[in-house]
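Report on the following structure.
For clarity, chains are labelled A, B and C in written order, and residue numbers in each chain start from 1.
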Amino acid sequence: MSMNWERARPRIHALGAALLLALLYALLASSDPRAALSAFFLGPFASAYTFCALLESSAPLLACALGACIAFRAGAFNLGGEGQASVGTLAAALVASALGGAAGLPPALVVAASMLAAAAAGSCLALLSAEAERRTGAQVMLTSFLLAQAAIIAVDWAIGGPLRDSSSNLLAMPPLSEGARLSLIAPPSPLSLAFPASLALAACTVFFTKATRLGSEIRLRGKNPEFALTIGLSPRLGDLAMCLSGGLAGVAGSFLVLGQAGRAVKGMTGGVGWNGLAVALIAGSDGLWALPAALFFAWLDAGSRQSSILADLSPDASSVLKAVALFLITAKIAGSGKPRGSLLGGTGAAT
Amino acid sequence: MELLSASGIRKYYRDTLTLANDGVFLSLIEGETRAVVGENGAGKSTLARVLAGLVHQDSGEVRVRGRRVRPGSVREAEAAGIGFVPQSSLLAEGLTVAENLALGREPRSLGLFVSRRKAYVETAMLVERFGFRLDPDSLVSSLTAAERRHAEIARALARGGEILILDEPTSILSESESAKLFELLSRLSSAGKAILLITHRLSEVLKIADSVTVLRDGRVIAEVPADGADEAELSSLMARGATRPRTSALSLAAAAGMGACAGPPALEIRGLRLAAGARPINLSVSPGEVLAVTALAGNGLGRLEDFASGLRTPDEGEVLVGGASLSSIPRDRLRSELMGYAPADRERRGLCLPATARDNLLALRRREFRARDWIGGRRRDEAAREAAAPLSLEAKPRQVAASLSGGNRQRLLLARELDRPRAVLVLAEPLQGLDLATQAEAALLIRELAAKGSAVLLLVSSIEEALGSADRVMALYRGETAFEGANEGSPTAASLLAAMTGAVA
Amino acid sequence: MILERLTSLGISTLASAAPLALAALGGLAAAASGSLSIALEGSMLVGAFTAAAVGHATGSAAAGMAAGAFAGLLLSLLVGGAAVGLKADVFVAGLAANILAPGIVSVASQAAYGTKGVLAAEALRSGQWEIIALLASASLALALFLSRSVFGLRLRVAGEGDEIAAAAGIRSGAYRLAAHLIAGAASGLAGAALAAGIGAYVPGMTSGRGWIALVAVFLGGRRPGGVALACLLFGLLFALSNLVQGFGGQGASSGAELLQAVPYAVTALALVAWKGAERRRKAGG
């Protein structure tokens, strides 16, 4: 119903245009366009290893994007995903290293507790903004960003300072024990349980937003907050949405720590929050669409990385391509004569 | 000499499916004051907006001094000397009066900057010449309603307006303020300006106008000189048909009711202050009773709606539903079980326009559905169809509410709120946008719910609606109770209007 | 000794506040026209990079600064064009611009200099007072232009709504686009000044200053004077956190780095406190 062709077309156009631009860039900027092109487009699929790496890197992105989808559906502009993921990394690393050392605890429990701690940390940070808006009207859009910025600095300080593993050259906390990490699925590739876990989160998010009363209430609030109050919906729905949104971003942070890296590294979120936001916008705040969009973004990232290693292109080309896709999709939707705001709340015709 | 002429003006509004003007003609000579009268929805405002260039007519033309004015262009209309004073202010709130008057032809200093001194002087001269009650330096946001009217008129004149079109200029003014406004208008008229006065208040018209055009259903029904015109005759011309079907439909509904039941009030308001410095109001509605509260815009009706519906919690006084304080009842329970509420602001508050008709209809019945209903939606479709039936709402369950016409939106709102006899019904302007037949249906439905034990609080700005359907009537003026009594022939439309405009307190 | 410290704190406050103020006044132009300038941050970043690149290439600080302002304007043309011309959501377009800015800077840097790291431009380096004077006079001119000029007056009318603007014969879309361009140029110049201060472009050097400028627009009550005052306050915060960091900056784990978080947290608190006070005032009145 919501995954119909009408809604898919502008998104596919935008993503296609981004790919076209990538093609142009590789042709124009590289001294060896053939190598650059094949590295960019095919590199991520060249081996099982690189493909698994692509899947693994999509997991935190998808989690952040799902969080952004829920917040946007509720009409809350959560711009703090980056910081919520960042506190998630710290919380996960702290809990995992504390419990991982304790004898006798089953690994599954340690990992679950670490992920919960990360979710709680992200939730708390997001909740501050939601409560501030409910009580005073201070815009979530601004406070979530500012608090996230402060949190990122604090987390970076903690990881690079008091919590740093002094035996290592890295600005990072000590590596986690094997039992406190998400198991690898296909060693030696970095693919871990984080990827299937992110798929499960996507399924839960889609179920929550489309098949529950609360999900439908959140959608009504996002479309018209005044109407939501008039029909008696709780003013705390915004809190709930921000809480879930921040929690998902926190889980994304735990994926980074407990998955591939196996430790908390300074600055390891590396834009996952902002990219998650972009994925959610391209997906029209629809959890179903967030999965392909996140995979697409992960592909762009992996492609740029590959082409910067194997050819002479910039690894940051992917963020230009993502921005172009975003620009195009706002323009596309506006151009098709549909009601405004469909990027943020999903079109009115859905569900 | 003929200054303004309009002929064959036709305008059809696609989104509300109404033919607002159907071949309207009009002419205005120098120094003439002409009134255009008609009921709500007769097409007066549309005509005014066409003349002012704010609305592009489908056909027909406007000429000033014989020259055709390009349709749909404010600039052209202004250049031709047409000044428009809209019903709701179009002044820029954050600017001063002088700045507003100067907009578009600002006096400059150094080529780049606004010369405040020159702007002040220009406005002051205008104020002086016609006797406006205005300080050029005051911010528009600080003006009273009457001062805004003056500022709007001054702006029209400042832009070289020779022909002034005023759309319901007195609708939110008190009697004495209206009288002052008319003095101003007659000064302008004697200074040679032609004035077109759009109104539905006949008594005003006969005092000030030279001639009267009567509109009905988008057509000119009569053109008469004001001298010797009879108020009763005019009002019968304005009304659709000899007897007023709307009133009769409502009275029919009233007759079908059971009248007020005795018993403890279901809704009670005690010591509620609606405006700073106003005397607090008290009211109570018993089960089975319909209380209509009426007031002109800006006199506290909106605030009363906010408090009675529980959207605002009063600092002073209390609102009780079934004896319990409104703020102590969880809002979800209040709305799904105890209180039906149709807001006057239908588009923003009453409906979720980007959502489907189904989501809007079932917004209070969310708890009835399970996961598979939310996914599949067939059961919700059926429930929506059932809910739509009593008011013959023509909408598909999955149609977006924004695509519905005004009348269907109101049906949608009422279908949701009147689906069961809740203890209290707070209905603000419940009949707005409905055609006559549906008005009757809705009024009947409200009466039936009252008969089943609902206490109904009607908040309406139309005196006719208040008198037509209530057991008791109350009028507000400046946030205070100006009249309260049983609706048994004693409060006539005239006496109620007098109370609402502060003529008797 | 104490006097010296105070003077240096004062100078450091001005140096931090000046770029904020210019960017914030640009944001004010957009806000006054009824639009939202999320892309201040992005414009500052491309402004900083372009200034360094052009300053490096031409050896002229003035050319660098002008190019920085122009680059900021180009970025905002994307946002304003999408929002006004294509009726795109201004929030999404602004976010896209903020994602685009670091990406395009990095790609350009890689293509031109083979690095995506620090780009030194000694030629761009300017004296602290020169920069402060340039930014302060640009801010003053912009404030004057917004509050006193015919353009500024019409801009504010455009911000009151399309219907009101139309009734006054003002095409609100054109004014809104112009406001976006002003915001872009102002924040581009502000970013250029950041680069000029240290004579180099450093990735991520704006570090959220564009967002703080946006907060200053709200905190300043949408009036130029108030906005400037809010920026001075934030400038003081940055200066204080730098100063305290200077005292204890010996050990890496001393917590000095943590102080950098203070301006952001305090800005958020200030916004909440101000909005809370505003709500109480409205409820009372």
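Quick note on the criterion: a residue touches a chain if its C-beta (ideal position, glycine included) is under 8 Å from a C-beta of that chain, and two chains touch if they have at least 3 such contacts.
All values derive from a computational prediction rather than experimental measurement.
S.K.: If every chain is a node and every touching pair an edge, decide which shape results: line, ring, star, complete or other.
M.R.: Topology of the interface graph: complete, with all chain pairs in contact.
S.K.: Determine which of the two chain pairs, B-C or A-B, is joined by the larger number of C-beta pairs in contact.
M.R.: Comparing B-C with A-B, the pair joined by more C-beta contacts is A-B.
S.K.: Just give me the whole-number Å value for how far the CA centre of chain A lies from that of chain C.
M.R.: One centre to the other, that is 27 Å.
S.K.: CA centre of chain B versus CA centre of chain C: separation in Å?
M.R.: Chain centres of chain B and chain C, defined by C-alpha means, are spaced 45 Å apart.
S.K.: Centroid from C-alpha atoms only, then distance chain A to chain B, rounded to Å. What do you get?
M.R.: About 48 Å separates the centre of chain A from that of chain B.
S.K.: Mark out which residues of chain A touch at least two other chains, giving numbers and ranges.
M.R.: Expected reply: 341.
S.K.: Quick one: which bits of chain B touch chain A in the complex? Just the residue numbers, please.
M.R.: 309, 311, 331-336, 341, 343, 348-356, 359, 363-364, 366-367, 369, 371-372, 374-375, 377, 398, 400, 402
S.K.: Hey, which residues of chain C end up touching chain A in the complex?
M.R.: Where chain C meets chain A, its residues are 78, 82, 86-89, 91-93, 95-100, 102-104, 106-107, 109-111, 116, 207-208, 211-212, 214-215, 218, 252-253, 255, 257-258, 260-262, 264-265, 267-268, 271-276, 278-279.
S.K.: Once bound in the complex, which stretches of chain C touch chain B?
M.R.: Residues 145, 148-151, 153-154, 156-157, 159-160, 163-164, 166-170, 283 of chain C touch chain B in their complex.
S.K.: Under the stated contact criterion, what part of chain B meets chain C in this complex?
M.R.: Within the complex, chain B contacts chain C at residues 54, 74-75, 78, 86, 90-95, 99-100, 103-104, 106, 108, 112-114, 315.
S.K.: Quick one: in the complex, what on chain A touches chain B?
M.R.: 1, 207, 210-213, 215-217, 219-220, 223-224, 226-234, 339, 341, 345, 348-349, 351
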